[in-house]
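Next, two complexes with subunit A in common: one pairs it with subunit B, the other with subunit C.
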Partner chain A sequence: MNDINTDVLRSCSHWILFVSSIAILPPVCLTLIRKTKARLQSRIGPPLLQPFYDLIKLCRKSETVSSTMSGMFRLASVAGLATIILLAWLTPWLSYKPWSPSADLFLIIYLFALARVFSLLGALDSGSAFGAFGASREVTLGLLVEPALMLGLVALGLFCGSSDLRMIFSYPQTIGGGAAAGAGAAGIWLLVGIAILLASLIELSRMPVDDPTTHLELTMVHEAMVLEASGRNLALIEFAHALRMSIFFGLSAQCFVHALASVCRINTLTQGILSVVGIFGIAIFVGVLESLAVKLQWRKVPEFVAYVVSMSLLAAFVAAGNGGIKL
Partner chain B sequence: MKLERDSVKLEERIDTLRPLLHQTGNRLGLISSIDGKQLISLLLNTAENRAVCWESPLQTNRYHSLAPVISQAHWFERTLWDMFGLEPENHPRLKHNLLHEAYSIDLIPLLAEEPVSSNGKSREYSPMAVKGDGIYEIPVGPIHAGIIEPGHFRFSCLGEVIFNLEIRLGYVHRGVEKRMCELPWGKMRFLAEAAASDSAAAYALAHSIAVESCFDVAVSYKADFLRTISLEVERIAMHINDLGGMAGDIGFLAISSTMGRLRGVALSMAEQLTGSRLQRGFICPGGVVFDPSEKLPSIKASANWLRKELKPVISFFMSNEVVRDRMENVGKVSPRLAADFGLVGPAGRASDQKYDARHHFVHGVYPRVRVPIAMEVGGDVLSRAKVRIAELESSLFLVEQLIDGLPEGETCIRLPDALPNNASGIGIVESHRGELIHLIFTDSQGQCCRYAIKDASVNNWTGLAIAVRNNLVSDFPLCNKSFGLSYSGHDL
Partner chain C sequence: MISGINLCVLCAAVLACLMVGSLHLRLNLFLYGVETLFIAGATVLTANAHGDASLICIAILIGTLKALGVPFFLLRTSEKLNVHRDVGAMITPPLAMHLSIVLFALSFVLTRNIPTPQLVVNGWYGAAAGISLLFTGLVVMLTRRLAIGQILGFLVIENGIYVFALTQTLGMPMLVEMGILLDMLVGVMVCGVLVFKIQKSFEHIDVALLTNLKE
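Here is the complex of A and B:
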């Protein structure tokens, strides 16, 4: 009786923690990036809760919808957010999580692609030239970044002998050390963590591929796609984008925490705390990067992607040699 | 300086002007009219530092366009069509420049008498249609993101590459030139410097020199020095601003925010000198309004500090690999096209055009004091940035030198109450954008009957349209910033 109660309690607390993380982490990540950028430019920056205020403000505003748009425009943002929330549930981007089904890494990658398809449909439906060329650029970036992301996750799959992300991201000590622990393992986790972090910069249209703070329509990628959105619709898109960012940062942070866990033993509570601290740390790192980086010329973006792909490829080779293939 | 006047028959105009303009050292200042009954073509001779105004009396409202032989004339003739209803024949692309569909067809703003009838054509505007597989159009503006002036850009693109850019201006047309003629001359200076507020010192100086050349008087040495300091401080502030803007457009936030801070220092130098950060109400016909001598040592200290502070910032900016990659070979204007379209200022000098009005025409201590001409041959964004950097350094150095060598004397001489009858005057100033021309003509009662302003942007807007061809759409904002053009200075 007592045991069941603790289980229910634990499960409940996991659910509460998880749902509140989904609601709170994305806007906090945004604030951290903005605040870091502001401090590095000797500005005070926005208050900590500014993204929440922005979302509330957007929800209160009335919406402007162009007469050329079909229902797709509004459907796309709802479907996009739903896909991202599903991803948040399936992807192991936090250490503390309620029960979730096993999630194949290919499923995850194509769910991200599905979310992108929805944002593309929304952009194309807007009928503006900006939406169209933003969509065209987003597709290009998506095509380029997909192999980088896939190779990174496949490297982990090879190493852990499973393509199930739930199995891959279940700390080394729980699967009994062996090949999954030690300095070699830490190296693979680190490589993949960096690859996912760099890939996420492209995936999320951040510097040095796209400047999220720019007001120049002609240079935008993600922003160009959402130019026509307003009010509640825009709030949905903004939140979905921020959540997608947190998932990517979380996935990368998980890799770093696993790297740490393969060289020293850390308990569940520390894992949970580290996964959140890792996300914040990455957000601050991205803030620093965006203050110092210069946006690449559009034609040079493939070169940057090539670095990321080769890093994933390296991780895959090391993993194949180290862990053996037990798929 | 004196405006020389000559006349040439309308039929012989093109045959006379063409060989003159093809001589090296001669350039076209502007083409306009005084009251719609003649064409005036201002020729600037940089070999002998003269300005000659060729007048050609008109019988009808039609004339042969100069644009097919002198490309630079195309923009002047479009404005002339709007302002005086004078229609050029054989103009390659005649379109309304300043007056949009919203204005009545019968409105011809600068014509002395009311027109008897409309010219029969409606005020329509159709952008050039580029057709072909995969060509699509991106309309941008007139309202832009960010706090900038309005202008419409129509890009015809093939994928990510710009095929053609058509620029439509005139959204901030306020009728400055007409209003100038309605004011008593003592008040004209306030309107002159408000016409383009980011070049207030240059505009006030060009206006003052034009009025002084009407009266045929010269101001004191001390006033010349103070005016030059004011002009150079404005150049410093705006060059810093433009470099920061270029850094911002490629997402280099560290540099763009630092440049913003340093521009603040230049603006506070301006405030100490003139009492206003944008230098309003300081330079006036006759000299300068007050003597800021006791502030000069601290302005000198600021200039010195700024020079030292800028050095590491600029080298950090220019030594960045990605910055060079973004700027090199982007937005190129070949020297030949720059010469054909008469590009001026930093944009012209970056395309191998050796022309700096400070070497030729009297304004402030120029041309007695020689400043080095910053030249580049690349014609790309990087060259324009380099020219600005070189000018920034020479201007800062010059400000210190001028403050050290400031002569004693009066700051302002008293001018007569009324402008002389049937007189004309010209002021040519090298503003931070390039050659700025103010022309003034008075009637038999000594009232200003025509005031013409030619901002550097009038020449350089076409340069931008040329520069972005075959470049990436996403590089347009950077190209635009590298030209640093004015909408209000063009639209007037």
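Here is the complex of A and C:
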């Protein structure tokens, strides 16, 4: 009886921890990026909870809706957020999860694509020219980054002998993984981690590809798509974007944690803490990168994507050479 | 488990592959410098493993002359000539980078059966890194049109030969190593001066247009 009580308590605390991470981590990530950029420009920067205040402010504001819009516009932002929350539940982006369902890597990639389709529909439905601009660029970026991301995840799948992300990301704990896995395994995790990190910069239209703080509509990607949204609608879209960002950062951080786990032994608690610290670390890294890098010319973006593909390709070759093919 | 020496040379090979992906001369030269520093590190580790003090001397020479001196000299040359970006030839840089990564994987297959001296442990990785550097240098030379890019490709090939020799043998005589290093240094200097002359006479350093020299 006592055992069952402890189990219930434990799973309850896991649920609370997980749901609060979904609510808290994305805005904190955004603040960390902004704060890092501000610090590097000798400004104080926004307070830690500024994105929360922004969301609350947006929820209170009234909405302006263009006369050409259909119901799709509002539906798109709700459906987009719902897809991202589903992804947050399916993707192993945090070490602590109350119940991890099995999720195929192709399912994850195409759910991300589905979320993108919803944001595209919203942007196109607004009827503004800038929305269509942004949508066109977003599709281009999506087309470029999808094979790169898929190749990276498939390399992991090849190495671990499964296309199930849950199996892949619990690999170091099971046989064949762990501290005995050695440098080859660490190399694969590291390469895929870098590939996902670089891919997330493209996927989330951040700095080397697009400047998220630009005021020039002609070069915007994500911002051009949400130009017509206001009030609660904008709050939903902004939160979905931030959550998508933390899922990507979390997935990349998980890869780095696994790289560490394959050369030295770390326990579950450390892994949980490392997964959150990793997300924050990546957010700070992105902040530094955004302060130092200049925006690439649009025509040069494929060259940047090529580096992501190279990382994934290397990981795939290392996985194949490491005797990973045992399907 | 991969030893430190192998890790260093493999990192150098991967950096060389990444170098192919960009046409910016400054980035290329920076990556070449880092790659050569890794090779110098591998030399230090080899010296440690074999107990050969002369290798340390060579590592210092490589670190100062090849990893710092040559890139700075070429950077200054390119700044004087006012060229910052190669034009690119034959294959676009992203594809060339992927090609060199495929060749990196291929070099592992090629070197699988190379016989090594009994005392060399795990020589396979080093041999593969050396052959891969050779291939990468070749790809660099094929995909660059400016003379500085050609020099860079040649230097990567030279690195590959050095890595192969370092990892497959129990150490070359120091005199031979120094001779090679000196040759390479003089070669780069001469090339730098030649590039100036070519620029002066033809107002460009595009090697594809050098066929105009024919009568």
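Definition applied: the second predicted complex is superposed on the first by the 319 of 327 C-alpha atoms of A that agree within 3 Å, B and C clash if a C-alpha of one lies under 4 Å from a C-alpha of the other, contacts with A are read in each partner's own complex, and residues count from 1 in each chain.
The rule we apply is simple: a contact is a pair of C-beta atoms (placed from the backbone, for glycine too) under 8 Å apart; a residue touches a chain by one contact, two chains touch by 3 or more.
Note that the structure is a prediction, hence the values are computed from the model and not measured.
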| item | value |
| --- | --- |
| First (subunit B), second (subunit C), both or neither touched by A:D7 | neither |
| Partner chain in contact with A:K295 - subunit B first, subunit C second, else both or neither | first |
| First (subunit B), second (subunit C), both or neither touched by A:A306 | second |
| First (subunit B), second (subunit C), both or neither touched by A:T214 | first |
| Which of subunit B and subunit C A:E63 touches, first, second, both or neither | neither |
| Partner chain(s) touched by A:L314 [first = subunit B, second = subunit C, both, neither] | second |
| Dominant toucher of subunit A (residue count), subunit B or subunit C | B |
| Footprint of subunit A on subunit C - complex, ascending | 1-2, 7, 14, 17-18, 21-22, 93-95, 97-98, 101-102, 104-105, 108 |
| Subunit A to subunit C touching residues, read off their complex | 182-184, 302-303, 305-307, 309-310, 313-314, 317, 320-321 |
| Of subunit A, residues touching subunit B in the complex | 37, 40-43, 129-130, 132-133, 137, 207-208, 211, 213-219, 290-300 |
| Touch list for subunit B against partner subunit A, complex | 136-140, 145-146, 155, 157, 160, 249-254, 257, 261, 320, 322-323, 325-326, 330, 472-477 |
